[in-house]
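Presented sequentially are two complexes of chain A, the first with chain B as partner and the second with chain C.
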Partner chain A sequence: MRRLFPVLLVLCMALFAYAPFLILNAPYESTMGLVQKIFYFHVSTAITMFVSAFTCGIASAIFLFGRRPAADRVGFAAAELTVLLGLVVLISGPLWARKAWGLWWQWDARLTSTLVMWLVFQAYLLLRRFGGPGSEKLAAAVGLFGAALVPFVYWSVNMWRTVHPTTNVVPTLDASMRGPFLWCVAAFLCLYVLLLAARTELEKRRARLDELYLALED
Partner chain B sequence: MTFLSTATLVARKDLLVEARSREVIYTSLLFAISCMLVFAFGLVKEGRVIADAAGAILWITIAFAGTLALSRIFDRERQNETLRALLLAPTPRAAIYVGKFAGVLGLLLLVEGIVVPLVVLMFDAQLFRHTGWMLGLLLAGSAGYAAVGTLFAAMLARSRSRGALLPVLLYPITVPVIIGGVRGTAALLQPEADLVLARAWLMMLIAFDAVFITLSLWTFEPAMTE
Partner chain C sequence: MTSPVSKTKRMRVLRATFVAVLLLILPAIAHRQPPAQEGFVPVDQLPGAEQMPAAPLVAAAYAVAWAAVLLYLFSIWKRLGTVERELADVAKRIEAGSRR
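Right, the complex of A and B next:
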């Protein structure tokens, strides 16, 4: 990863630098016009958030059953990024909704379930910070439950009648919009891998530092 | 000792301790009644309850009283270090979880046995027009809540600041169950009870119960190991 990091960093910067031009050149959506363009970042971050939640769930399961501290560090980093990405999703969504629905927030299934999932990962972070020693395992269990919510969040738009657009939008996207959209997804996934690697490395060094302090005391 | 007999013994012990002291029952009941009192001031206008409010009052009261019962049950285990003794016993951890879960669920249902009639009387809610459906919703909702609650209360039993952390963990994770209960009850409370909708919510509750119980059984063992 250490050797791959600068390569990915350059790639990510290039992806993000070119993304605005692609979005600018993409056609206007017939009914929503300009505000629709927020879709390229909103959906991309939402997809990355789901990936992040799953990463946290899988890492937590590996930590719980395989007892690998490395998996715990990945899980912690992923939980933090899930909260961060969730914040982007929960801010970019209402910005679009204000124009499309005339309301900042609707208590519909998709919005509510996303908020719930975001709160679960907030709880994970609270636990890590204030739970005291031994809270890693407890947090890992929370991470598993949080990841279990992802399918419900994803399919909520199809299960209930909601005002939020359904999962049908992405597969039926017009070819001229699909290119920029996939570009943005790639950019956010690339950014995610970078942030996850950096955050995990930071945790690793922190753990190493703690070990050194302990060794010094002995 | 078989899995089932271990679970029965643990549950029986919890219910027996409770039957003798009646501490959890009394405190959660009194708490539930004070909860309803607060709702009565917020959700009653000119002597009438706001439409759909009765279901919300019922489920939020259950959730709040449930948190109180959960933390008390595991505090009791902590006082005499009995939780450690229980975990040291040469039985599968999952059996201990099932026993604790059954005990918590039993207590929760007991509290509901009094809270539900109280909501019917005090908020004039026709909860028992479709008794079978209502009981199904109550049972499925309480099972999901107790499944997650038992897992996290057990894990938090040894943590500091558990009093503050239990609600913070429990409410976001169990919110789907609460939503299912509230919406399902609201469907039953309509002037023309919408049984199709109530059935859909009940099915969703059962789906969540399956996910929650599976995940809890799965994580209890590794998470409780020191």
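Right, the complex of A and C next:
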């Protein structure tokens, strides 16, 4: 990963540097107009948030059943990033909704389930912060539960009647909008890999510090 | 010729009728429906409160995304710095302990 990091960093910077030009040149959606431009960052961060939640779930499962501390470090990093990306989704969504729906928030299935999922990952972080020794196993179980919520959040718009658009929007997106959208998704996924690597490295060094403190006590 | 008693009685009835009519009419006036609207109102003719500009909302959404990412990067950098300093400190103490 260390050799790949600078390559990914350059790629990520290039992707984000060109993204505004693509978004500005993308056509206006006929009913919503300019405010629809939030879509390119809002949906990209939502997809990356789902990827992050799955990463946390898989890493937590490996840690719980395979007892690998490295997986726990990845799970912790992914949980923190899920909370960060969720925050962006939960703020950018209402900003779009205020113009498109005329209100900031609606307690519908998609919005509420996203908030619940975000709170589950907040619970993971709180457990790690204040749970004391051995809390990593309990937190891993919470991470697994959080990842299990992703399909419900994704299909909630198809299962219940909501004001939020269904999952049909992205597959049927106009070609002139699909290009900028996929570009933004690639940029956010690239950024996610970089942030995950950096955050996991921090956990790795903390683990090394704990080992050194134990050695010092002995 | 009407007696003063029957005149007072008539006035009382009139007053009661007036109050009753007022009580019946006032709620009807208060809850009066707005006049029916034909067709649609163009966006530029909407009242000020309903003409919300989209640009600040779009700018805010993008600013939030960038601010969150940059703040997170700064927090990782700060935390890495703290851990690095502690690592160096502990390594020094271990080295000093092994020399004794």
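Just so we're on the same page, the second predicted complex is superposed on the first by the 218 of 218 C-alpha atoms of A that agree within 3 Å, B and C clash if a C-alpha of one lies under 4 Å from a C-alpha of the other, contacts with A are read in each partner's own complex, and residues count from 1 in each chain.
Everything that follows uses one rule, which is that contacts are C-beta pairs under 8 Å (C-beta built on N, C-alpha and C of every residue); 3 or more make two chains touch, one makes a residue touch a chain.
None of these values were measured; they are calculated from a predicted model.
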First (chain B), second (chain C), both or neither touched by A:R98: second
Which of chain B and chain C A:T45 touches, first, second, both or neither: second
Which superposed partner A:L34 touches (first chain B, second chain C, both, neither): second
Partner chain in contact with A:R178 - chain B first, chain C second, else both or neither: neither
First (chain B), second (chain C), both or neither touched by A:R208: second
Chain B versus chain C as contact partner of A:V142, first or second or both or neither: first
Residues of chain A at both interfaces, chain B in one complex, chain C in the other: none
Complex contact set, residues of chain B against chain A: 148, 151-152, 155-156, 158-161, 164-165, 168-169, 171-173, 175-176, 179, 211-212, 215, 219, 222-223, 225-226
Interfacial residue positions of chain A with respect to chain B in the complex: 64-65, 67, 112-113, 116, 119-120, 122-123, 126-127, 130-132, 134-135, 137-138, 140-142, 144-146, 148-149, 152
Chain A residues touching chain C - in the complex, by the definition given at the top: 33-35, 37-38, 41-42, 45, 84, 87-88, 91-92, 95-96, 98-99, 191, 195, 198-199, 201-202, 205-206, 208-209, 212-213, 215-216
Residues of chain C touching chain A in the complex: 52, 54-55, 57-58, 60-62, 64-65, 68-69, 72-73, 76, 79-80, 83-84, 86-87, 90-91, 93-94, 97
